[in-house]
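The following pair of complexes shares a single chain, chain A, combined with chain B in the former and chain C in the latter.
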Partner chain A sequence: MSERTITVKVLARVEGEGALHIRMRGDDVEIAEFRIFEPPRFFEGLMRGRQASEAPDITSRICGICPVAYISSASQAVEQAYGIEISPEIAALRRLMYCGEWIQSHVLHAAMLHAPDFLGLHDIIAMSEVEPDLVRQALRLKKLGNSLMEVVGGRAVHPVNTRVGGFFKAPPVAEIAALIPELLWGIDAARELALRFSAFEFPPDAGAYTFVALVHPEVYPIETGRIASSTGLDIPVEAFHEHFLEEQVERSTALHGRMRDGRAYLVGPLARYALNRERLTPSARETAEACGLGAVERNPFRSILVRMVEVQYACEEALRLARAYVPPDPPAVTAPVREGTGQGCTEAPRGLCHHRYQIDADGRILDATIVPPTSQNQPQIEADLLRVVRQSRDLDDAALQWRCEQTIRNYDPCISCATHFLTLTVDRD
Partner chain B sequence: MTDRTLHIGLGNPMRRDDGVGPWLAGRLAEGGLRAREWPGDGSGLIDLFAAEPHIVLIDATRSGASPGTVHRLDAVRTLIPRPLFHNSTHEFGLAEAVEVARRLGQLPDSLIVLGIEGADFTFGAGLSPAVQGAAQRLKAELLGPTATR
Partner chain C sequence: MERPRIAIWKFASCDGCQLALLDCEDDLLALAGVIRIAHFPEASSRTEEGPYDISFVEGSITTEEDVRRIQEIRAASAVLVAIGACATAGGIQALRNTMDLGDLSAAVYPEPGWLDVLATSTPIADHVTVDAELRGCPVSKVQLVEFIAATLAGRTPDLPDVSQCVECKRAGSICVMVAAGIPCLGPVTRAGCGNLCPRIGRGCYGCFGPVTGANCAALTAQLRGLGLDEAAIGALYRSFNAGAAAFATEAKADV
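Let's look at the complex of A and B:
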């Protein structure tokens, strides 16, 4: 019986370090493993003993791409523990900043790291030679996202203007208003890129996913909602750990998330879209239809289209929030520290980001549990790999390796976030 | 270099020697030079290239050379080898920024890249001795009386 092994020691165009190992015996795929080997970051451990008010700033350092997700989930958790109800103006400003993070993170991944896969190009450098206008447009869109984060959060990478209960300072009306012309441009630019990407040739594929995402009765979920699944689960954020768990696997420094009944599940753009499509703006929904996206999209290779639809939505939502902006006064709601447990959950660009803190009477963290999106998706990434390798057995090793790497990049995996977690080996007999 | 030169230190100070760029940028700013840290991905640097005509980029390298080895590249004249700078966020780091900018015709008038070979990229603060030594020598050179501001 013939054996084939494909190994990728360090995967390109993903954040952090990870590896892939595939072993085949004849037509049988024996192993399809996605390994994460960034050193575990021990953030949860170093949080113990720190003031709960520091949780948003410390956890925002887990990732330079999605700090707002960490700030928002951590802030919500501490606010819940302290009984803080933020004002609608603070909530709106947080959502505006989060739109900036969605725009810059999605555009970086979709247009600069994922698009080369479909153009048969090695990377963004090669893409800038053959598609310079596309790259310029993507850079300008990403800059728009960064500008939103800078204006609201004080800076784009690790925002400094945020705190438990809100913000240190409300941005001036004129600075928010100055974003409007570029947001108007951004809506059209995101739609153009989405339509452009919809002409890519996508490998045929369909995953039998259990989608899990926040849901909200009025808006597409970003920073608020209940946790729901495509199999009928509908629970408050506080019930997350009753239904989901994380388990250790030897080959990876990231935990693997599963539902308590053992099933893998999917978080991120495909899940959000499947559960919340009706909450998109009519124009973003129209872009989705024009891209050929149905009510539910199960082909993970087409997640790039959902990301661009979400960029359009984020620009539209930011425009709405910017036009309605009223500086929160006070910029933050404060409350005395008290003993308790708080939980927070938001939609990072890659999916659910859930935080839970147990806090003592002096405001110190006794226990912290952070569940980032990539660790939740890891079992599903391996299930996708297994399916894709079985469908792609006839490809030669080089083509199979490309397809496998693409399968992983479908997830925009943020390995730094997940480690607490790529290199590809295909092993064929 | 001129007194309008902007020094930019790339890297993550919480990944040991990856923090050499921000460390040196901090010391150069204290010494009166125009200098700043760059903690984000490289794509934003391209906008900065359009705004600043004279730039020095400082980053850690991982080429297999001895720790503390300083690589000097004139990026306007020389292509940046990607494997030299493999510490970037989401694979859009210094080399990608410079090479994309070159293809888009957006390089500044002068662009010097200083790469300092790191030894330890694990989680935590602080530079390893050889990297600290190299950074100190570069600081003295860039701030020193012989340096042209």
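Let's look at the complex of A and C:
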């Protein structure tokens, strides 16, 4: 029987280094692996003995694309351990900064890394030759996200103005107000891009996903909420490790997340949307409907649309927060160090980012456990690959490889976060 | 004139420095008009074979495979530029250079034996000749664009080699250490970030690494005077540029 192999040694347009390996014998798909070979950096080990107050700055270096996710989850965890209650003004400012990260990260992925797949192009530079206005609009929208991070956080990549308990300095009212006109523009621009992308041709697909995301009774979850699943789980952030685990597989430097009963699960835009659609603003929900998104979207190729709906929401939410901005005074809430364990969990653009720190009486980290979104999604990515290869086995090798790479890019996988990303091999016999 | 062919490479890192290139939103399309991006896997699925006119290298060397790959990249590149704290000093992951790898692996992975990594995280210049370095955690996109523009124009790029203190004085920022007693690495850290921390009342934490001729011993005495204990002083030097010689030496002297 003939064997057919597809190998991609370095997967492009993903953040970090990973590989893909597919082996088929006849019609059987024997192997569908997404390997992460980015070398480990041992953050959890490096942090032992460091002051817990350093955790936000150190863990932000796990990922240059979503540093605010690490800063926020780490800050929450240490605040919980120290019994710090941040003020509503600090919470609002953190959410405003996080909106900036969602906008820049989602637009980077949707417009610059993912959209070229649907146009049969290799990159945004090639896209700019055929769709110059779209590219200019996307770059301006991404810049808006970065501006939010710069104004609140002091720097777009690895913000400096953040600390456990809040901020070093509250941004002046005038600087926040100056963002408002561009946010108004951004709401319309995000909607236009979402509608434009909804005209792409999407491969038909539907995953039987267990969705896991934060949920919140009032707002779409970004930096706060309980952890819920589409199968009825509803737990506080502190119970995460009782229900989810990470396992090591030999072929990958990223740990693989599973539910304690062994099931794979999915975090990120599709999961957030499925569990929180009613919390979107009416106008973002209207955009979702206009894009053809139902109450739940199970086609991972259409995650690009959910990302753009979330960008619109993030612009609207940032506008609301900017208009209501009151500089926090003091800019940070402080408390004496104390022994204890703290946990924090926020919605990184790619999904749940959970931190737990055990801290001694001198404020030193005894033990750190960080669960980034991409390692949680890794078993589901491989399940998607297997399903997609089975559905697409009639494609020739080049088309199948493109489809497989696209399947992985649907996740906006952040390999640096997972430690880790993609080489594709298709073996066909 | 043929557009120079640029390649972007990644080793152990967070991707934040190559992101700085994509963050040049206003300049990205203009840049694409004057350079040819020949290898940039994070941004493009089209890659061209070498040789390359300029290679920008992000990340530190942490595996045997990295040691081999950086030699190939060097051989294929007319100019090789190390970008960011990982590529120029080993990054935050260079903290492991003074720790036991077995303990570290066991702290993160249930099966540390499956990992194939070096005991150290080292900068690119430890392995190949580096023609230029852009510092920072992350690099400044202003410096990145300046470097490309200067290279295209055949002039020396304007990259500061003065301390953060100079940047503070130029910006009119009040000295956080003198005025508020806040520990600050500004006197020994290279300028270039844009004076980000002192202007919000935070002490510099050394993203851009040691300035040439950094007098860390004098700063350490000052930090002691502020009441910092040895562990706190050591931790200041041991962050994103822990592997840079001036900081590594001073941290050893104190911890």
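The criterion applied here is as follows: the second predicted complex is superposed on the first by the 427 of 429 C-alpha atoms of A that agree within 3 Å, B and C clash if a C-alpha of one lies under 4 Å from a C-alpha of the other, contacts with A are read in each partner's own complex, and residues count from 1 in each chain.
The rule is short, and it goes like this: a residue touches a chain if its C-beta (ideal position, glycine included) is under 8 Å from a C-beta of that chain, and two chains touch if they have at least 3 such contacts.
The structure presented is a predicted model; accordingly, all values stated were derived computationally and were not measured.
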Touching partner for A:355 - first (chain B), second (chain C), both, neither: neither
Partner chain in contact with A:109 - chain B first, chain C second, else both or neither: first
First, second, both or neither for A:67, with chain B first and chain C second: second
First, second, both or neither for A:168, with chain B first and chain C second: second
First, second, both or neither for A:248, with chain B first and chain C second: second
First, second, both or neither for A:50, with chain B first and chain C second: second
Touched partner set for A:4, first chain B, second chain C, both or neither: neither
Partner chain(s) touched by A:403 [first = chain B, second = chain C, both, neither]: neither
Chain A positions touched by chain B in one structure and by chain C in the second: 12-15, 39, 41-42, 61, 64-65, 108, 112-113, 123-125, 128, 135-136, 139, 142-143, 146, 156-158
Chain B residues within the chain A interface of the complex: 12, 14, 39-41, 43-44, 46-47, 82, 89-92, 96, 99-100, 103-104, 122-123
Residues of chain C defined as touching chain A within the complex: 10-17, 19-20, 22-23, 25-26, 28-29, 32, 37, 40-47, 62-63, 66, 91-93, 95-96, 99, 103-111, 114-115, 117, 121, 137-138, 193, 196-197, 200-202, 205, 207, 232, 235, 239-240
Chain A residues within the chain C interface of the complex: 10-17, 38-46, 48, 50-51, 54, 57-58, 61-65, 67, 108, 112-113, 116, 122-126, 128, 135-136, 139-140, 142-143, 146, 154-158, 160-161, 168-169, 247-248, 250, 253, 255, 405, 414, 416
Chain B contact footprint on chain A (complex, rising order): 12-15, 39, 41-42, 61, 64-65, 108-109, 112-113, 123-125, 128-129, 132, 135-136, 139, 142-143, 146, 156-158
